[in-house]
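Okay, got some structures for you below.
What follows is a pair of complexes built around subunit A, which joins subunit B in one and subunit C in the other.
Let's look at the complex of A and B:
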């Protein structure tokens, strides 16, 4: 019996199957490409080949696309990614006191004491230093993102880059590059700048105690990892499943919830991967709020609505609000 | 003269009652929406704070419906709000609108004579006697107080009500009904009725909902569109919220400021962390956080527009409040984004933190 965990993020959609003893038996990493429902659908299609609906005991979703995914696959719980990441980190390593998580568009810090989240923070309005920005820089320099970190490790003299804003960082990088600085040094400098920005913005005022876990897609970047260790003067650990921790957390939370409530899963089955999902949006003219309402369609049938404040459409959603607690 | 006002929460309801009662011609702009934001950000300086942009959006919508005068409060203060009116006048002028601005600046900055002159400018279009004008002002203030009380009660009850959603439903139908009513006396009666209906909601005080104080910059805590309707979101999540900054509080604060007796409680509470006035409502924000801890709230959420100087200062002080007073605080920065996913994530995670923390505290005791 497995718990299915789905993390629909801005850059990647991660799907995991966790067995009863907490081991990750299956792990999929799919690029979201701006189409969350398609990413989830294609992921389930892969799992469908190997697994049976009856093997799935519980389903948890997380990530910025959790609402839509919950409706799409029939989730037992839709949890925010901060809690999901914290739960997974505590499960992986009960000693953890600090979690640094950098994903596609978010960076977070989670402070844990005695296995309880005591504080957290997320980047505010700017996404400088997150995965999508690194992706873009890798693309611009024509370096595969997987090797980006190795380039940084090669830096002899990291160049100083302004890390406060993604747009400024990029112009700073281009200016330095046009002056002839080596790509290694620029990438090394960028990693340092992003870590500096993270520590003075996201982690400001927080007490970073060991053990520090570094998770999220950006943890694959060795340059950033090393820059964190240098800046913090602490060992920073990257857990083995660093890239799918959110999905693991969602799976754990879903299992815990069903066990606590002694309920059966709401999972709609792997057949979901054969259905056609679409969404359409319209502006409700019911009142001056003029809400942008999104309607999710499964095989042309409306299965859920989002975005209205008064509940006129929301209440018609397929999944019950109990999913969100 | 056709007067318009920018939106700030439910102030438009009280202003409507005031102008209806005085018999002054007015235009209330459509409630803040993406359209107001679109118009406002098109014509405002890019780096100005969010309230400015929404206000410009309101003016333009009103001007298009025929308004020729803007009534607005000012501060002459050391935060950007002090420059709002001057800049907004220029923007509307450059757009070719010949609009008069009547600005209610604080007495301490412009003196009592000048303030009366400005008030008379508004009042002169009313044919009512001086005595009945006083009556109208009193009626409007009563209405404002009632609306604030109704809102506060609904926000608190939301955590305790037996039928979830009842308080939220009453609150929204109350606003609609009052806005439709053009008889000021009747409008105030509607408010009174709703106030009683709210009190009659069945509540279960054995429930232990999370209690959160909403603190921060005054415009963004009061105007729901600017904070992505945070109080509605929290009501849906069955959280009981309180907020000390209300339009009524603001009026009292402005009046009492002249004799330096304004919001003693908040300012005294802030002394330990921020004993100096630094502009805006930074001291109030810190004071609210300290009081929230004293009132045994579970946490506080600070909201402010991006680039808000006073609140940036308070944001960096709040971690010490958290540490000393053991009150978790979440800071949310609002700007032109209307995508809710990231916002909800932070709120939900904060509620999780508070819940787990409370369970933990209970276990330890």
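Let's look at the complex of A and C:
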């Protein structure tokens, strides 16, 4: 019996199967590419080959695309990323006191004391220091993102780059390139700049105590990992499933919830990977708010709406209601 | 004479006064609609880029009614309490509007010093003179408007099922449902109790700020900071949600001041700007509520968070 966890993020969609003793038995990392439903569908199609609907005991979703994914697959719980990441981190390592999570579009810090989240923060208006920014810079420098970290470790003298704003960091970096600094040193400098930016923006005023876990897609980047250790003067641990921690947390939360409420899962089954999912958006003209409403269609049939402020569409009941807690 | 009143900035607090005053003078009152997408778009289009969102929205309100009225009330509110001031953007509001929006009708230019009856009447006399030359009538309208304003109250106080949060921030952010993406309803739907700074008395906040080395310069700084400390000390709240508009200078001071004095007490700061995507806010609010619930369930984690207020020395 497995718990299915899905984390629909801006850059990647992660799907995991967690068994009853908390082990990750299956893990998929799919690029979202701006089409969350297609990413979820293709992930489920892979699992369908190996697993049976009856083996899935509970389903949890998280990430910025959790609303749409919950409607699509029939989730038992749709939880925010912070709670999901914290739950997974505590399960992995009960000693954890600080979680640094850097994903595609946002970065967070979660402070945990005695197994309880006591404080957290997310980046506010700037996405500097997140995965998509690094992706973009790797592309500029024509280096595969997978090797980005190795390049950074080669840096002899990391160049100082302004890290406060993604746009300015980029122009600063271009200037340094024009002046002929080595690519290694520029990348090393970029990693340091991002860590500085993170610590002074997101982690501002927080007490970072060991043990520190570093998770999210960016944790794969050895350069950033090393820059964190240097800056914090602490060992920073990257858990084995660092890239899918949100999905693991969602799976754990879903299992806990169903056990507590003694309910059956709402999972629609792996057959959803055969269905055709589309979404269409329109502007409601009911009032001057002009909400941008999104309608999710399964085989041309509307299965859910969201995006309206008044609940005119939101509250319509469907056969597969998603549970938001 | 049609008097136009934009429903932005401190309208939420003083609308009773302005509406009563001008209706007693016998003028027709045109009030803009609740903030909506059109108003926001117009505001962003007309206003200078550096202004904060509420000022931009105010521009939108003014623009939406400018063609339907003969006289536009742009309150240049300088001060509402003795020796304290309001955000500096209010000082230049009439000029900003005249400069940025084409074809505005006549605009009220006089400054408003609300704490002083004589000074305040000066404004009313100048604005009222645009409607009538009868000064006795203006005086009478002023008195009844003051009376009506005294009776009106703003603020939110609602009991929750388990948790109560203080919703902090400037009133024009808290009471503009469009601007703050309906956070009040979001909290209500989760069964969270809400209290705003209006439910802490002026004298209590004054007592509280006496502990600071420097007296607050802005009224809202004293009110919000003082109220947060009082509510926390009396254990009336489990957390603080601070709604801040991006680029608000005063908020940056208040937030750091509160942070400094509350120790580990939970506070969530939400920065608001033009975006309409609600996912970012939902995630933060949801996670914050989750955190509060778990803290309450495990109270022994932090013996008494309330005692950290002003614990030990206070060098602020």
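Structural remarks
Throughout what follows, the second predicted complex is superposed on the first by the 319 of 325 C-alpha atoms of A that agree within 3 Å, B and C clash if a C-alpha of one lies under 4 Å from a C-alpha of the other, contacts with A are read in each partner's own complex, and residues count from 1 in each chain.
The rule is short, and it goes like this: a residue touches a chain if its C-beta (ideal position, glycine included) is under 8 Å from a C-beta of that chain, and two chains touch if they have at least 3 such contacts.
This structure is a prediction, so every number in the text was calculated from the model and none was measured.
Superposition of the two complexes onto subunit A shows a clash between subunit B and subunit C. In the superposition on chain A, A:292 makes contact with both subunit B and subunit C. Legend: residue contacts after superposition of the two complexes on their common chain; A:83 is shown touching both subunit B and subunit C. Taking subunit A as the reference, the larger set of touched residues comes from B, when subunit B and subunit C are compared. By the touch criterion defined above, A:212 reaches neither subunit B nor subunit C. In the superposition on chain A, contact of A:64 is made with both subunit B and subunit C. When the two structures are aligned on the shared chain, A:117 is found in touch with subunit B and with subunit C. Within the superposed three-chain model, A:258 lies out of touch with both subunit B and subunit C [touch as defined at top]. Shared-chain residue A:187: touches no atom of subunit B or subunit C.
Shared contact residues of subunit A with subunit B and subunit C: 64, 67, 79-83, 106, 114, 116-120, 122, 124-125, 205, 287-290, 292, 309. Within the complex, the subunit A residues that touch subunit B are 64-65, 67, 79-83, 105-106, 114, 116-122, 124-125, 204-206, 287-290, 292, 309-311, 324. Those residues of subunit B whose C-beta lies close enough to touch subunit A in the complex are 30-31, 33-35, 165, 172, 176, 229, 232, 306, 316, 319, 322, 328, 331, 333, 335, 337-338, 341-342, 344-346, 348-350, 352-353, 356-357, 360. Across the interface of their complex, subunit C is touched by residues 64, 67, 79-83, 106, 113-114, 116-120, 122, 124-125, 205, 287-290, 292, 309 of subunit A. Of all the residues in subunit C, the ones that touch subunit A in their complex are 33-34, 36-39, 178, 181-182, 246, 259, 264, 266, 269, 271, 273, 276, 279-280, 282-284, 286-288, 290-291, 294-295, 298, 301-302.
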